[in-house]
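As written, the chain order gives the labels A, B, C and D, with residue 1 at the start of each chain.
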Amino acid sequence: MSNSFGSVFRITTFGESHGVGIGVIIDGCPAGVALETTEIQQALDRRRPGQSDLTTPRKEADQVEVLSGLFGGFTTGTPIGLLIRNQDQASHDYSHIEHAYRPSHADYTYDQKYGRRDYRGGGRSSARETAARVAAGAVAAAFLRTVGISTLSYVSQVGAVAVPVGYEQLDLSLIDTNPVRCPHPETAERMAALIRQTRDRHDTVGGIVTGVALGVPAGLGEPVFDKLHAELGKAMLSINAVKGFEYGSGFAGTLLFGSEHNDAFYTDEAGTVRTRTNHSGGIQGGISNGQDIYFRVAFKPVATILQPQATINDQGEEITLAGKGRHDPCVLPRAVPIVDAMTSLVLADMVLRARANRA
Amino acid sequence: MSNSFGSVFRITTFGESHGVGIGVIIDGCPAGVALETTEIQQALDRRRPGQSDLTTPRKEADQVEVLSGLFGGFTTGTPIGLLIRNQDQASHDYSHIEHAYRPSHADYTYDQKYGRRDYRGGGRSSARETAARVAAGAVAAAFLRTVGISTLSYVSQVGAVAVPVGYEQLDLSLIDTNPVRCPHPETAERMAALIRQTRDRHDTVGGIVTGVALGVPAGLGEPVFDKLHAELGKAMLSINAVKGFEYGSGFAGTLLFGSEHNDAFYTDEAGTVRTRTNHSGGIQGGISNGQDIYFRVAFKPVATILQPQATINDQGEEITLAGKGRHDPCVLPRAVPIVDAMTSLVLADMVLRARANRA
Amino acid sequence: MSNSFGSVFRITTFGESHGVGIGVIIDGCPAGVALETTEIQQALDRRRPGQSDLTTPRKEADQVEVLSGLFGGFTTGTPIGLLIRNQDQASHDYSHIEHAYRPSHADYTYDQKYGRRDYRGGGRSSARETAARVAAGAVAAAFLRTVGISTLSYVSQVGAVAVPVGYEQLDLSLIDTNPVRCPHPETAERMAALIRQTRDRHDTVGGIVTGVALGVPAGLGEPVFDKLHAELGKAMLSINAVKGFEYGSGFAGTLLFGSEHNDAFYTDEAGTVRTRTNHSGGIQGGISNGQDIYFRVAFKPVATILQPQATINDQGEEITLAGKGRHDPCVLPRAVPIVDAMTSLVLADMVLRARANRA
Amino acid sequence: MSNSFGSVFRITTFGESHGVGIGVIIDGCPAGVALETTEIQQALDRRRPGQSDLTTPRKEADQVEVLSGLFGGFTTGTPIGLLIRNQDQASHDYSHIEHAYRPSHADYTYDQKYGRRDYRGGGRSSARETAARVAAGAVAAAFLRTVGISTLSYVSQVGAVAVPVGYEQLDLSLIDTNPVRCPHPETAERMAALIRQTRDRHDTVGGIVTGVALGVPAGLGEPVFDKLHAELGKAMLSINAVKGFEYGSGFAGTLLFGSEHNDAFYTDEAGTVRTRTNHSGGIQGGISNGQDIYFRVAFKPVATILQPQATINDQGEEITLAGKGRHDPCVLPRAVPIVDAMTSLVLADMVLRARANRA
């Protein structure tokens, strides 16, 4: 009941970190969307481990196989099945965590919930599950392209190193020009340096991803409970390691007075309704207003650190656990395609849902 | 498709600000919960307008009528219908916004989405809808009481005036001892002063509500997409005027290294598993771990200000709109019971969903 | 989780037979549907008790109150709340069934399921719940009118008295010209006679309602699981006392060979695709094909008979229960508007769902 | 939005007849169910083509691969992914139906709905999709075994050849002792003869499957809309070629008077509540009452016949289509495991849903 996301454009993911593979079924993608497997593969390649020295050296080709739903280069309206087999799963030993509870991981809570767990590499709780989201997000993005919507995101902060300006002052075409995926080159270098220092100390560091959606028409988002930003928030908070979400003015907006915060409407020369400021983040009353949508997502530092830590085993006995395995010192660079995917999935769903709004 | 919340303990709200009334149907509340109408009424009384000089003078008795689902003082397992009739709806004139789009309100987006709207007092987009949530939340709280879970929240920041300590250092029994609903008396006074100054300037101010859930057993929350904090986040972001959500260490947690952020497990003298810190906010891998759950919710300043503002009408023509009506200079004090209600609704749903976890 | 029906055009009903009232929230009706309260009332008047000597003498005005969702004569896209207060609920004594289990009623199963029940008049299990469906169905029908779809149904069999011809050979404008709601006048008289004889023997009789949907365009119905006839079947089977559902050739179709059963396609003079026969009942592969949709619904005889019956009480002791109260000797005439309503609700949902089928 | 079934125990199927394969994701199966892949395979072997001379000679090994959700011989509570690759898909030519609409098939309606279709072997509309249901049903059956529920079904009618007695007078252990899957040996032989005659005439024949569920405790089924028999009915009607569903007394029950139809309660010697007759089919008010559940499902004759038929192409032109391919002259024998699977899926869902019924 919990591995599906979306209401009309709906995905269901499956798979464990070190099982047969990871996959997703997309149910509700409209027929007639032109889609090449290469698009899905390119999205996966952005999330794949081992891309640079800033990420985990785990080697996974993450080759996608399309199981169903495509015919002659187009979606057919039937469910699209995508499977990514695990390759590197057999080569490592996870017996040291079979009975141990890693701090700030999901080992303890899965055991409490289900009475058992696939402990290999975190099993279902591993961020490897997000590969399925990225694959599905590529399909959503292909659909959104047919209605002129695009999504992107970038690393805006690593530890205390932050991009000093807002998204609208950045050249977002630079996102993929460095391994950090930060479109502010000078900051990107400082972020990379911090990540390397942290890695060399066998530690991890968190940060913030800023997401943007462009070309979103007014009218998307379903009040009352499925407000556009509420769905975006849930989508982002469902990503591993996310601790917070804010859109538009966010937490900083609490420091403004109403007279400062309100976005005045005006009509531009082309006759388009706009707002002079965009503290609303493109969403008012839970519905898009045609302005840019932007938001920020907080990621905690990765829980797996290559240092000894005090913890307990499943008998409640205190033990010391030494970190093993290959892990990211900072998930932010690889989180960017995941945030993109979740944004696309939310918007694809909302585009389809909005079609039922008027008689 | 958008006025329901929850999966098993599921509510559907209806009603407009100045229509017949506001209400909710609760479907999925288990049979056998002892429930008095007075409990629901007390929750509504905390949200009711006109409680103090810090809130809107709009007068609404907010008397709840139970339409169904209770028999002999207990829930019966059938849908619980609750209706709160509007009283003060006829006495005011809203014709000035029939064709005008108030800045940072939902007038424009509703028109774009639906092609029409009930403009009286914001219609469905009014925060008056949250009365229905508060009523439903009281029912959820009654159910949660049967399993030992309680929820509470308080105002932790108004504008830049913030409580200087965390929830665990406060006496939370003080929440309702002042009209701000801040359990730190000294800060509460400064907050009240700021709200009054703001009101007198015909302006509005935002702030932050901190929410806490106590007594939550390990094992609640449904990975992958319906993580406990993802559902809490969606719930909070669906409340009018909310701009951000964070739990546990939240955005500040991005500044810590993994070695600082990880919560070490230990077993206490009673044999209970605990963590030495709680940056996780009581949730790991989307599942409760038995520690306190806590989170923060950012509210923007109310959009309605009693000052002239530049905007446009539904013909796209620029106009000046003078604020009218009776409005809160700060929603925070009245937001507290709404946050409580949404927390209870999420947890009640998760308690019931967890019953399907094991054979 | 069980009192809602529909996916996009979604209703949630509430209320008990002898509580405050019965009602429904319609969530997902598109904005811009012209709708008068009188339309809803007229539909309710067709289902109301006490219409003729063939039905229960229980007196219920069944006046509908619109709580929300309409403004200026049109739907607004927000939830439509409808409430029908019970009037006659206080005047009768149901203490004789507080602890008794009426044969073939839901008293025993509700107690087993929920551990308690509102026993007055059957509580939630009473067919009075269907008043809410009829009200909602009128709204669905108003929406369907905007796309040229209409639904109707009639009594085609009472006991062994059956209309001798198919729906396509009947003048369906005659349905409401007699109290049985059978458009074959001669058969209607025989049905009425059988119902009166049965009533006078303090017994009850069952029968069959035939439903028809006209003007349904090709393409409605969502394979694989939500096939149009599967949703119609569920809708009908959810009506009190229904024991069976068949569409098109139905059970009789099992006696034909494939060469007899197949519906040959052809193109008519106007260039429209048609089939020479319609054993498919207008649905192929779960999707409407543009031909008439027709189906049959079997209703058992009403379980309440005004005769002494052997049964048990809630202590398992054998008792004799004498029938009391005011009940229909045959539900078929009043079932017609309920079948109409459920058909409309299914089709309204499918019209909206189909909007997501193509990019 | 249409390829999922179930609310808590929820499956999503994917795949086309002649694509890569067919599969299913099971989300919501509780953790801790002992499950061997061989159980799933055995269920698939009952549905597999080519079992006897009564079925299609299409050769499919239907080997299942478990992609996720099992660990150490038990379910883990995470989604169970099952994949059955198509083997025989490449060897046949379907170009003759690329532009033709086969009578009483879904070719025309899929084209009308989606604007395109995978025409190879019927694509998604092929009954091959039911392999995924059978695989999932085996998992549901394994879960049901933990609570003492079992399901079975058999062929009770082929054409006009019917088993002369009810299920309770049959030795149901005989179901799999003949290729028809009819536990009445004499009738089974006559059925087999009819199927062979029909096949030799290049025609097809329909029939009826009777389903039974044993060991179902009182209390399953969710009123109002998700009545147990309504969900069973939807489940059965969603199977390819099904035209009707009835439970308990069904259509024949319309011929009885209430005094004949009512099931009198009594307490047996062991103190168990029973009914003297079971016209209710084990379900009252949509909730199981502890008696046997039984129902009947009508299957039309297979639409593909190896005879020339008049039809049209996708330009609306009249053509003659000669049947090709390998098809069943009668689907009934292979429908039995499908009916079993759908029954198990409905009951597994209802067992889990019922856990939320009481505080």
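Heads up, the rule we're going with is that a contact is a pair of C-beta atoms (placed from the backbone, for glycine too) under 8 Å apart; a residue touches a chain by one contact, two chains touch by 3 or more.
Remember, it's a predicted structure, so these values are computed and weren't measured experimentally.
Colleague: Given the two chain pairs B-D and A-D, which is bridged by the higher number of C-beta pairs in contact?
Modeller: A-D
Colleague: Averaging only over C-alpha atoms, locate the centres of subunit B and subunit D and give their separation in whole Å.
Modeller: 46
Colleague: Report the inter-centroid distance (CA atoms only) between subunit A and subunit D in whole Å.
Modeller: 39
Colleague: Mind pulling the subunit B residues that touch 2 or more other chains?
Modeller: If we look for residues of subunit B contacting two or more partner chains, we find 1-4, 7-8, 13, 28, 31-32, 77, 113-115, 124, 356-358.
Colleague: Sort the chain contact graph into one of these: line, ring, star, complete or other.
Modeller: complete
Colleague: Mind pulling up the subunit C residues that touch subunit D in the complex?
Modeller: Touch residues, subunit C against subunit D: 1-5, 7, 13, 101, 103-106, 108-110, 112-115, 124-125, 129, 157, 159-160, 198, 203-208, 218-219, 221-227, 229-231, 233-235, 237-238, 243-251, 253-267, 271, 273, 275, 279-281, 283-290, 298-305, 307, 309-312, 316-318, 353-354, 356-358.
Colleague: If we count contacts the way the header does, which residues on subunit B are in touch with subunit D in the complex?
Modeller: The touching residues are 8-9, 28, 30-33, 75, 77, 143, 146, 352, 355-359.
Colleague: Using the touch definition from the top, list the residues of subunit C that touch subunit B in their complex.
Modeller: Within the complex, subunit C touches subunit B at residues 1-4, 7-8, 10, 12-16, 19-21, 23, 25, 27-28, 31-32, 65-69, 71-72, 74, 76-81, 83, 113-118, 123-124.
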